[in-house]
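Multiple structures are listed underneath, in structure tokens.
Paired with chain B in one complex and with chain C in the other, chain A is shared by the two complexes that follow.
Up next is the complex of A and B:
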């Protein structure tokens, strides 16, 4: 491959969101450095401002259908990349808003916290655009680096340190697997860009290489059997970081998985479908069954997240355009419900100082707003109509039934029933049990804003999903060519650049 | 005139959303008496709207009336489609009627968290209405599932029994288990429509609309699979024997208001006549399906009646008698002839008056003795003559005495069953005898004879509110019993259309296989 850097100004426009956010990141660090007496809250608002501006820019890209590739196909900006970037930045914004109070618990480096969050988001934006194995590797490590620090941010807390260490060791191990996988794939095909690999014959080396890459990405999304870090890390990490970790990296890694499985490996669908079916079934069942036994709400949400990823993989296993639409839609529903649920967890832990499920006793009396929001978020995660989660599950199941994946669907549906059981355990604590300490819980404005956004998303997507289905259908339009059994590859339409 | 009216005024949407909007408004009301009276107002307005629909409904017609249709999620072919026909319109009236009575009953029997209770009740009314009004299968499913949430809270928060937590969870998990299978069935219907549509008129449309799904032929193997999937959903909810084990728990542990709605509105069997039989006619009349379902129905009749015979708790007795009555309904439905279907439909309505009425009676007894155990009663007719009288009237309706509504429905079912298969009819008749036995035996031991030792001497007879409930139920019971033709006229057209569809579908399916063979 020929790495001749030949950039024009219009090419750089494709990178505008990333460049802008990088500059903004520097501004945030500098402001923190220059005026250390500035309330850290201001830094949060500053970061949110930058993120919102970037979101605006991405929305403009999406409306005007800006697309193109850079650096010899390493970086691609298409509507799916834009979708995932909006997804990542949206969750980052909400996470920053939800962490403003929590940051007071950190003993040191409160200002850098926001910079690190934005930095991880930046890494994930590159992941959404990564179109070859090297850029995937670099951007993946870039974003994970920020998370290594964030997870162990509570310096004096043993659990947080343990979480950081576990996350780091397993993360580095996954990175090693990934690098090894890349070397095998490159050795077999001589190609790094996904779309170039599409016609490669299936040699044992290539298969092992892709399995290693799948394992590394499975680690990022937390699918069984690569989930072992999730419960302890989610439990120990500062709660806003847990919320961040449970949403944004999963979205970014799914963007890569979609590109690999549909673009690079689309022709091998009859083979990889078994892998995905097994991983999906095991993730759903394991996540849901183990969640029943949890006593800590963060661990419960961790296991429920594993199960939710199992659901998402159903859509990937379907391997059709509709399956991909369903994944994107499901992620949207998951974003709002999960961020909302974690916001409630943060608000409760600010008031009570603990995260055990039994601490939610009588929350319905102490704060009707928090309890009702939590109820809706949990019901959406469980897939109760007419909330967003229901439409998401329906979308995924229809896509899978169309492909005749009946076993997968049956397991998925039984898992809905299992998941309802443990979500109801939390509901029971909130509404049925009497509170021990009946004092009301107060919530601050930005926390309320996050919960309101979560509620609005959960309800609007559930009741009026049409604009969102239109959006995801448009976002995966590029896959329309790859899903037919005889995959014919046409490059995406280029408006700007190359 | 009617079309013009419904074009400008979406009355079914009003019926559907009025209660839930009312529930939201209640959130902002603090005074408990205001909460009660505004709930009653909402329920009465809802009843008035439903009666209006019933009056303007054109009888003897199979058409879908007052239809409203808007695209909801075009990408998946989901629409917001409401309409009533002869099958569903009576249930709309029944739901509104029972909700008014439940509000009246709960006036002074619910003492804590009144506001939340009334909100749950109104939310439950909306979801129930949604089940009866929806013509889109996903919309139907949405309401079907949503119903679990207010029910769960009602059983848990206002249930009287010690086991109510267990009962609520069991109820939710059982129903959910059934409905996830139903969802697969619904999705398969959608995929079948999609395949057929892309073969025939090349637009790759999806649809969950009942009326559109009815136009598409379904291969018989597929039909049988979908039938069993949907059967599970409806059977768990109905509940059809042997899926009934949640019902006695839920009815015993839950509040009376909840029990009235759960036992009075036969949602599960409504699902059969609304969706399973018309959509899957070939499966519904295939020998194995009819055999299995009818045998389950007969088992339910006998098992339910037999279990009811040995219960000492009145609410448990009613739960098992519900199982038995549902057996009748199922047998009538799967006789698949005009009398059977009509009888089943009428019986579903009747049970809304009689079973629900007996639950109210159980509630009256409960508020006097704080239990419904037989040991607490005995010879009460002397102390509470009015209660005993209405208990007898409603009870006789439930066992199907001529002159009450129960007789008309059960008679039609037995007629249909005998016409279909003589042995089915003869086994079902046994159920009638058992039914008379368990009710009369219980009545005799609780109301007649010497005064029981546990009966309080200060017991008061029916209060004004209780009288309102008992009298209005008795009026409906005698009206349908003595002059059922207005009700039968409403359902005739739709039932006839359903029977026609069952009998011509075979030829249509054959034609289709011929064309596909070419």
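Up next is the complex of A and C:
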């Protein structure tokens, strides 16, 4: 393998969003450094400006179908990478807007907060484009580095420190597993780029290597049994960081999982389908059942996120192009509902100072707007029509039923009902119970903007999904070349009868 | 305008709900005005499709189709046949009436009307969906508004309100109240309703997904699926696939109907709901079950339906008798009407199970008739509750002095519920009974017994509420005096009696929907239904009773039936 850097201008064009964002990151840090008295709100707007410019650039790429690979196939820019970059940057923008008020709670380094958020986003952008194991590892650690700091940003809060430490220790452990997995895979195949591995024979070393890699990525997306850090970290971290953590890294890690499972391991589908089916069933069931017992809204959303990932893995288990489309679509629905729900949590905790579910008593009277938004976001997460989450779930189920994954769909459907219970408990607190303190809750403009974006996304995707399905279908076109074995090879236990 | 009528019916309530979001609760007149006008548009358009529906032509009319998702094979495909048309009309009538019944709601009136309109629109959406996806979409969409309507504007049972000791209070507020079956709070009722219906709805969704997968047509279009889907004879789990799908779809949708072992959410839900919600719930929401079974199981799996429909014939007996006896012993006005509704839904299942032209038409007309009758009863029970703030029958009594109008209407409501000749319920009941006699005599006897039971518990309740000594605590109660209060009741009474005396158009519309369906299921071809004979019956008008001739569903009977009806005249 030779790493001759032979970059032309058109190659650099592929890297333009990343290069631009890196420069912008430096600008944000410099501005913060040069004029420390500048209101930090301005820094937020500055970061959002850069992110929006990058989003515009990516949208231009998407429309003009710019694609290509760089650095000996390490970096790939295809439409799926563009989709995930837009997903990541979109969530980053919304998170920054949602955190403007919250940042006042930090005692120190308020300016650096925005820089760290953008830096993590940058790392995740590379994750979305990573096409070999090395670049995956480097970009993964790059983005996680920012998160380690962000999670423990509330310096004086023990819970935040605990969250950061837990996340760090387990994260580093996962990184170790990942590195070990890479070494095994490289040792067995002599390849690092995903598409080169497609024809490798299944040796025990390779299988163990991929299992280790799956464990590390499962840690990122928070699938059971790699979820143990999620509740405490989500609970202790500053709420905007929790929101960020619950959306963007999951998307980025799923981009990698899609490339690994479909491109590198496509021929082993009859084997890994067992793994995904088990992980998916356990994630959904565990996440939903444990969420019932939660008293804290952030922990509830954490467990609900675990369950949502279980749903996403149904699409991955389907292993078809339609399954991948469904995953992308589901992530879009999840993005809007989750960021909206967390924005409401932030707005409420700014007014009340706590995140317990019982603090939502009578929110329907105190702030009809917040309560109504939260209602729609939670129902979308539960999968109730006409909201985005319903179409997302149905899309995944349709993709899975075409592959004959009846067990998974049955479990998924039952889990919709279980999840409805705990989402409705929050709804009950908001609408049915009377408030103890009936004073109205005021919301600031940018928070309102985030919630409006969430509402718009949740409703528009739910009511008119055609443009979004078109988009995700186009985004995964390159998977059409990697046809996984047909459903008939699926193990007979997964099919009813036959 | 005509061809867009379905869009007006479906989207007027949605637009109304959307408009209400931007109105403040401080303008109650405007709020009610918007809600009432949205419902009015719906009602007028429903009347238009009901009278504009051409029973001679039959089939699906006023069809609208918009591509929705090509990738998934979904289209917003709307159309009504003879079965959907009366149910759409019933929904709009009950929505319109419900808005007037809840005219005096003070607390968060805007939100109440928003959810009520969404509930009604979703219900209407099911009745006109020709796409399995949208059928499920609207079905599930109608469940969630119920949670909020019950939770926010509902009422607790007496038993719950009596739990004021520390232990009781603790129990009432415990997080796990859903598992605490002792406390019949409105929250419990609302949660039970949503979880129960969702749990069975996902079973139906599984059935729908299986149809989608094994038809291999990549579409949810009911018309395409019923023509082309071949789901027969695929062996699965020791039985065949079509049976599994049928069972999933049948029980998935029958839970909302509610058929006997799956009924327990329903009376609790009725009892907790505010009057207008109970009306919609009992009047049309429960019919979603029968209608969806007809639309999905009957249309797509006719042969399996013929084979498995006896299940419904067995269960409906339990529905009728069990519901009737519980209603007889219930002490809560709304429980009585709620269980009475569960019991009466058994007749619809009986009519469906017999699978012939007369009985299925009777079942569909019964759905319409029951919507009017139970709507009236719930509206009046709601009025009594608003005046006295109790639903406990033993503590009430002698109210007819205070509310002569309501008590008079109540008698009419009871008569309609029992199926007194002159009300449309009679037409429906007699058709079900006559149509099912040959196939299920035992069930018909049980149904007759059920009518006697209905008589017993409704009269018992009427005596308990309106006659006997009056409880002086409720001397402040007053009658419905204004137009707003009387309009909904008078409207429903007029419709019930009007169709009871002139049922012919309703009958023809329903027959035009039922005939092709039964022909497909029983493989018997019906005769053209709007010949001179039936026109003359229309003129005679009082002849509401279809001919009581021997009918076996596997023989061509329609011709005989027409001839003998002429002779009877």
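The working rule: the second predicted complex is superposed on the first by the 484 of 498 C-alpha atoms of A that agree within 3 Å, B and C clash if a C-alpha of one lies under 4 Å from a C-alpha of the other, contacts with A are read in each partner's own complex, and residues count from 1 in each chain.
Basically, a residue touches a chain if its C-beta (ideal position, glycine included) is under 8 Å from a C-beta of that chain, and two chains touch if they have at least 3 such contacts.
Being a predicted model, the structure only gives us computed values, none of them experimental.
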Inset, instruction - Would you check which partner chain A:461 touches, where first means chain B only, second means chain C only, and both and neither mean what they say? - result: neither
Inset, instruction - Please work out whether A:401 is in contact with chain B alone, chain C alone, both, or neither, and reply first, second, both or neither. - result: both
Inset, instruction - Considering only touches as defined above, state whether A:282 meets chain B (first), chain C (second), both or neither. - result: neither
Inset, instruction - Go through the superposed model and pick first if A:410 touches only chain B, second if only chain C, both, or neither. - result: both
Inset, instruction - Specify the partner with more touching residues on chain A, choosing between chain B and chain C. - result: C
Inset, instruction - Could you pull out which residues of chain A sit against chain B in one structure and against chain C in the other? - result: 325, 379, 384-386, 390-391, 394-395, 397-398, 401-402, 409-410, 413-414, 416-417, 420-421, 424, 428, 431-432, 464-466, 469-470, 473
Legend entry - chain A residues within the chain B interface of the complex: 325, 379, 384-386, 390-391, 394-395, 397-398, 401-402, 406, 409-410, 413-414, 416-417, 420-421, 424, 428, 431-432, 464-466, 469-470, 473
Legend entry - In the complex, chain B residues that touch chain A: 71-76, 138, 141-143, 145-146, 148-149, 152-153, 156-157, 165, 169, 172-173, 176-177, 180-181, 183-184, 187-188, 190-191, 194, 206
Legend entry - Of chain A, residues touching chain C in the complex: 295, 322, 325, 364, 368, 379, 384-386, 390-391, 394-395, 397-398, 401-402, 404, 409-410, 413-414, 416-417, 420-421, 424-425, 427-428, 431-432, 464-466, 469-470, 473, 496-498
Legend entry - Interface residues, chain C side, partner chain A - complex: 67-72, 108, 111, 133, 136-138, 140-141, 143-144, 147-148, 151-152, 175, 178, 186-187, 190-191, 194-195, 198-199, 202-203, 205-206, 209-210, 212-213, 235-238
